[in-house]
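When the chains are written out, they are named A, B, C and D in that same order, and each has its own residue count from 1.
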Amino acid sequence: MSKLREECGLFGVFGAPEAATPIYRGLFSIQHRGQEGAGIVVSDGVKVRSVKGLGLVNEVVARHPIDELKGDRGIGHVRYSTTGSSRIQNVQPLVVECVDGIWAIAHNGNLVNARKLRRMYQEAGAIFQTSTDSEVLVHLLADPLYRTRPQRVARALNELEGAFAFLMMTKDCIMATRDAFGFRPLSIGRIGGGWAVASETCALVQAGATYERDVEPGELIVIDANGLHSSVFRENESGHLAQCVFELVYFARPDSRVFGYNVHNVRCAYGMKLAEEHPVEADIVVPVPDSGNSAAIGFSQRSGIPLNAGFIRNHYVGRTFIMPDADDRANGVDMKLAVLPDVVNQKRIVIVDDSIVRGTTMRKRIELLRAAGASEIHVRISCPPTMFPCVYGIDFPTTEELIAGKRDVEAIRSFLGADSLGYLSQEGLLSPFSDPRNFCCACFTGKYPVDPAGMKGKRALENSSLELGLHP
Amino acid sequence: MSKLREECGLFGVFGAPEAATPIYRGLFSIQHRGQEGAGIVVSDGVKVRSVKGLGLVNEVVARHPIDELKGDRGIGHVRYSTTGSSRIQNVQPLVVECVDGIWAIAHNGNLVNARKLRRMYQEAGAIFQTSTDSEVLVHLLADPLYRTRPQRVARALNELEGAFAFLMMTKDCIMATRDAFGFRPLSIGRIGGGWAVASETCALVQAGATYERDVEPGELIVIDANGLHSSVFRENESGHLAQCVFELVYFARPDSRVFGYNVHNVRCAYGMKLAEEHPVEADIVVPVPDSGNSAAIGFSQRSGIPLNAGFIRNHYVGRTFIMPDADDRANGVDMKLAVLPDVVNQKRIVIVDDSIVRGTTMRKRIELLRAAGASEIHVRISCPPTMFPCVYGIDFPTTEELIAGKRDVEAIRSFLGADSLGYLSQEGLLSPFSDPRNFCCACFTGKYPVDPAGMKGKRALENSSLELGLHP
Amino acid sequence: MSKLREECGLFGVFGAPEAATPIYRGLFSIQHRGQEGAGIVVSDGVKVRSVKGLGLVNEVVARHPIDELKGDRGIGHVRYSTTGSSRIQNVQPLVVECVDGIWAIAHNGNLVNARKLRRMYQEAGAIFQTSTDSEVLVHLLADPLYRTRPQRVARALNELEGAFAFLMMTKDCIMATRDAFGFRPLSIGRIGGGWAVASETCALVQAGATYERDVEPGELIVIDANGLHSSVFRENESGHLAQCVFELVYFARPDSRVFGYNVHNVRCAYGMKLAEEHPVEADIVVPVPDSGNSAAIGFSQRSGIPLNAGFIRNHYVGRTFIMPDADDRANGVDMKLAVLPDVVNQKRIVIVDDSIVRGTTMRKRIELLRAAGASEIHVRISCPPTMFPCVYGIDFPTTEELIAGKRDVEAIRSFLGADSLGYLSQEGLLSPFSDPRNFCCACFTGKYPVDPAGMKGKRALENSSLELGLHP
Amino acid sequence: MSKLREECGLFGVFGAPEAATPIYRGLFSIQHRGQEGAGIVVSDGVKVRSVKGLGLVNEVVARHPIDELKGDRGIGHVRYSTTGSSRIQNVQPLVVECVDGIWAIAHNGNLVNARKLRRMYQEAGAIFQTSTDSEVLVHLLADPLYRTRPQRVARALNELEGAFAFLMMTKDCIMATRDAFGFRPLSIGRIGGGWAVASETCALVQAGATYERDVEPGELIVIDANGLHSSVFRENESGHLAQCVFELVYFARPDSRVFGYNVHNVRCAYGMKLAEEHPVEADIVVPVPDSGNSAAIGFSQRSGIPLNAGFIRNHYVGRTFIMPDADDRANGVDMKLAVLPDVVNQKRIVIVDDSIVRGTTMRKRIELLRAAGASEIHVRISCPPTMFPCVYGIDFPTTEELIAGKRDVEAIRSFLGADSLGYLSQEGLLSPFSDPRNFCCACFTGKYPVDPAGMKGKRALENSSLELGLHP
């Protein structure tokens, strides 16, 4: 599956010489969390310097060498791709000046009361220069109602409803925080004598840091010259968390540890559970590379059906593949994945993938396998049917667009042209976890842990009349 | 002379189909007023769309075709070049959303109380995303203190001290205004059934509009679907204006009419006056092309000494000329102007130019003329010595850097290596005008019509720690 | 392994409307055969049009939309990356005009007598505009010694010694040919009512064509409006071929069929053979993705040791990854492959890869696995030690640079820091083939089927004084 | 006038450290001779290095810093702009390898027997990689018929018919030559202890060289480590030359000395002669800047009518001006030249320009002057009507396109809407010269000094089926 888009990825550093380099490495390692734009902001305690731009982080850095970004502290951000016109104003970190000096902010998640807060501040005279919901935080932070910076930050975070992991920076510190439900991941590591913070632990490793612990839900971490300081800005009143299970199903890199669980291992366990829930007689297990790789390993191990490579992935397919044809799908060729005919010919095949969004891509692949001589095709999906949109930071299609939003499993199987189709059960989904009540499964169940009513505002915001196209 | 940098140029349109095209043409015609960045913001009454970028307006438009900028109203801006790192955040028009909807703002001039206002708003919780002094206006405009938009705009403009011409836009109107002293020019024209506003009348002509009248000092023009509405937001209490004489001396294009005076004619008159004030026996009058062209015509006419072309300008020299040499000046070649040896050899020459800033360029040119055989070289400058920095929107060198700030005329002549040197007198400077008291001559006299004390703030602002480099 | 560089990939089409599109798709699918430059030349029978450029084929096409390349016939080429300055003159297809009209030529392979022929033609007055050995062919083709085109082509091909697959095009036909030893692969397919020719069959599939047969060694295929014509330009006198075994070991895509063998299946068989030749007790088999994937499957199946993902490949690493560090290797991070610590911790691991060139990359990966807690690391390589350079078209390091050129297996194991190291035997290498004598294994054995003496000339050519840098 | 396109400009250096820098400066100064492409080739006696590209020389250099071009000798070239697709293959200097080593060739002019020679060489087996007529020279130079290099060069030059100035380079020398009629200019200068050669003397000056003498018609200059050697490769049998008078009328920069005459002075003399031949009562003389500047000075001096600036040239108009309008002319605005209404209003005006090609631009300008209130408009052109195409290197429109090709003077005046129109007479054109028989005036008279019959071949060549688009 390849059609979902994570909101963002974060990486921050304090106390590492030439902080821009580990930030760049870290962002590069979580590039899968957002490909629209990237930004790095650093400080040496005196000046604040930044590069931002549309595109991948290495493209942004190619346009502006980061060795000009002097400083031992900084934060960075990668951002998801919008379908409409790209908006460089929305690329984060936001950098603003307020009475307290310069602040930079990077956000992963989605605030359900952003529109309400925006309207409230606008009525008080505030101006907004982006269409992101993250911008409300800088207004909250600048609000002179509370005198001290700790008070201001705690109060600001308390005003926010919804899902967020934030990195903030001033000249003298960086801050890291997660909402009290812990929707989005954020981890802390040590880098040399300093600190690093990242959306995924794989970024810590690739930046040369070692994982220390997660930022706790409701916790505010401040790292400055005196070290790391922790405080709680909000207690979780409900008693349980709402960690995004989709991070484990789909988003996070397999080499990350998210919410305390090793992603690859969880996916292997999903594959095993799938083999138990939906057993089938077959000759080979074929992963959809690379999204189905981990679950296919588990499925093969549990079922005893050998793994084989039925698809080859073209490593040169990227955002830049330009199709001269008006309708590429019409000609029945998949430039990204190619079938290995000698592997699948005359074989009963189990295809394993991590999800089905609209179903059209899987349908085409099944056609290609049939054309290559596959005798039976059994589809196994390592999560339940995704039926509901996410309001906490994942850019899902609407229920109407989701194939499981309007069809039952048999109808989906028929649409795909598969011989059988099995989804992981909800129980299976939560089975790897010791604390299943601490996960948000709203996209599968429709049960939203935080009232999404305000999200109508979110949609309205995106469709606002402000159509800024600042083209680099 | 080529080292001074105007702050900006403005062009606005209301009621012209495909407004982006005349805005582009207009900005292109006043490109000399700013080469760092350019922006165009338009609206069709529903959406607001913009392109902005670093570089010349045709470079910005080349990166993003303006035919996507649908709408019959809009404003545009060209911006001066900074020496340091370019800052795309500062490219105007600024576009923000406040309680009143979307506003776009373009500014020419310099506010002497910008820093004070910025600080005041920051203390009230406002955040700033640029380092321009123009951003304070959007905070003033968004201030909920006054209920109606006319009240808010009038009050906002009244808070500003210093020099300004502003264009503002909302979805339903454009606004044009000048400070009560009228420092910076702004003219209105008709374009088809609609209206155009421009920093210089040449832009009106080149955009296909016809000049109507100037925006008056202290006047606020609002143009909407009901036509043009004029009001006075502030009376000029001093009884006289402070129109920038340097627009006529140097900045404005010769085919513009500025403050009611034809620029070329004023410069011809300066040349005549120079011939009277500093007569000399010579064989030819040689303008420094193109800055000295108009005054040289006047000097030749009054003195009877024939005009000839002693210099040729290389039309391919631009911002993009890349010198491989570390120190180009060392080798005594001027890639921009070349001497015509057969014209100057054995001749007594009067060189006419519009000003001398640091003197190094003129000195080199005199060396080249001597090397080509000129027997005498008499320099005539069509304004008095520029000794004081401008605080109203022109990016002058400091007094220390200005050659006339530290040397008297004889010392300058000696530095240049000229046989004689004559500057236009202060009386000559004002002689073409029926109302000489309505001009600001602070750069020549040091008499600042509006207290520049706040400008220290301006300097501090530019040197602030916010060093944003968003590199396209 | 990722350090070897194939010379080139070819794709040609005749009789397919908008031939540039399948050529583009085909080249895109064999992009792994060359990333330095790409070119497409087409004809509609009247005009010949081309695009060529440095970079990947989609980058070249992004700079010039291929829909301007009108015509139903054409040839394309992708070219390997040089370490020195890129030379756009060398990008193929070469397009020249001679007495017979316009010819375009694309070459995969290496001619051992290129320098001799070049010198011979130069002495006769010919001029050369590239430093490729392919350019000699166009001089041979233009030679007026033989009157008819078939005579000229057959004679030209007969003059060449070494390895070659060529595509040639005139306005009215395309031609495809392989040397009589069949060093390099070339396959024919049907596309609609027309024909396609490709270095690898995967490109036929991805271009929408169906595989028909291979071009035979010593065969010249001409495809024109009258269909496909085959002739033999040279008999193979030795009675056996010299097909490049390294295509099967390393270069070709797993979904290709090369020299009649399915690449993935051959590699699986290598993995099985490796498991027999070098058995080991271990917990998991870990492929180096993606080069070791196929052999790891075979190793796992034969050994019974389960496959698991010990490495994750970052899909954003490409030619454009820019390292700010002077010495990236120093900090012990591999931005391309990341280790999954929870998979390898406390495990006895068999790493499977397809080859070891210099050994430095494998050594670093073993260090990373140890750091992640792997208890034993056994390296298995699915080919014998590569000890000799290739003179037939693969850009190998010199014997001095090849780790196996100067060290025995135990010394390599020690250098790598592995617990054991096993290479596939020469017998194992040839075991999948019914006709083992038809393969060139010179890089493993040093037995060169065609005298490489002339190659000294080749080296001299590359180091010639012609250092052209035509920078687009 | 701005619609004619010179073929090319040349600049060469021997014996100057970092030769690429003066070559760049020199080419930059003759950029007006060609804006399509530029190239610089240098050698340090061991390696030959080059940069070439489409666009202006500073654009080419911006893409590849010339400080990598090590060497004390080199040649450079700027090339005219074609209307059709740009062809990077045709950008000069051509660099080839032949038996004699590496040769680089740069050409200004047009060979009337190029097609015949090309065909002849192709029949002997030669291949051509460009569609320039210059490529025949490299085949002639490589021809082994004559043994020694001097013999080969002399024989090659003797085979050429038509107009040419050539710069040639090998590792050990540069060569400069002009055809025996001397159509195109070429001058020699001293630069430090070395030598420079340039199409125009202004380039010598701007490169830091001092003019020495012209290359003589029929002379071959060889400059190597032993100094400058002169020989005559062909005597002029006709006894008189055919120097291009259009260089003086139009092409050359006013600060150049061409064929022994100062360009600006010749144009001033043309203006004086025009004033005598076509006197008129008027208020002001207005040059079309900058092409009419010199002649207008002469006209004003002789007539006594004062010069004034009626037009202002926008210095930002260049090749990069992008018009959003489909038909810019329709709206009656000239983005390049703007009228100064206050100068021309109610005035009787003499407009002076150097030529009229199609007449449409002049017609529009006359309309703009009338709209600005000019009471009378008298056009004076400083050459006779251009009625015939040039076959010696200037890219003229066809006779059908030339307004003087199909209309008499009265009809042209009527088309332009002028009150009177006067062209310089043929006698006037030659009046500044002591040796009028030594000039080619074919574009005015139709008398071609060298039989242009072969030029049909030239046209056919350009329209050949080889449509190469190598897109950078």
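Rule of thumb we're sticking to: a residue touches a chain if its C-beta (ideal position, glycine included) is under 8 Å from a C-beta of that chain, and two chains touch if they have at least 3 such contacts.
Keep in mind that what you see is a predicted model, and the values were worked out from it rather than measured.
Least step count on the touch graph, chain B to chain C: 2.
Annotation of chain C and chain D: not jointly contacted by any chain, touch as defined at the top. The distance from the centre of chain A to the centre of chain B, each centre being the mean of the chain's C-alpha atoms, comes to 48 Å. Mean C-alpha positions place chain A and chain D at a centre distance of 60 Å. Note: centroid distance chain B to chain D, computed from Cα atoms, is 37 Å. Among the residues of chain C, none is in touch with two or more other chains.
Interchain contacts (touch definition given at top) occur between A-B, A-C, B-D, C-D. For chain C in complex with chain A, the residues that touch the partner chain are 18, 20-21, 24-25, 28-29, 31-32, 56, 58-59, 61-62, 65-67, 202, 205-208, 253-255, 257, 262, 264-265, 290, 293-294, 297, 300-301, 306-309, 312-316, 318, 320-322, 324-325, 331-333, 335, 338-343. Interface of chain A with chain B (complex): residues 46-53, 63-64, 68, 88, 94-99, 101-103, 119, 122-129, 131, 138-139, 142-145, 171, 464-472.
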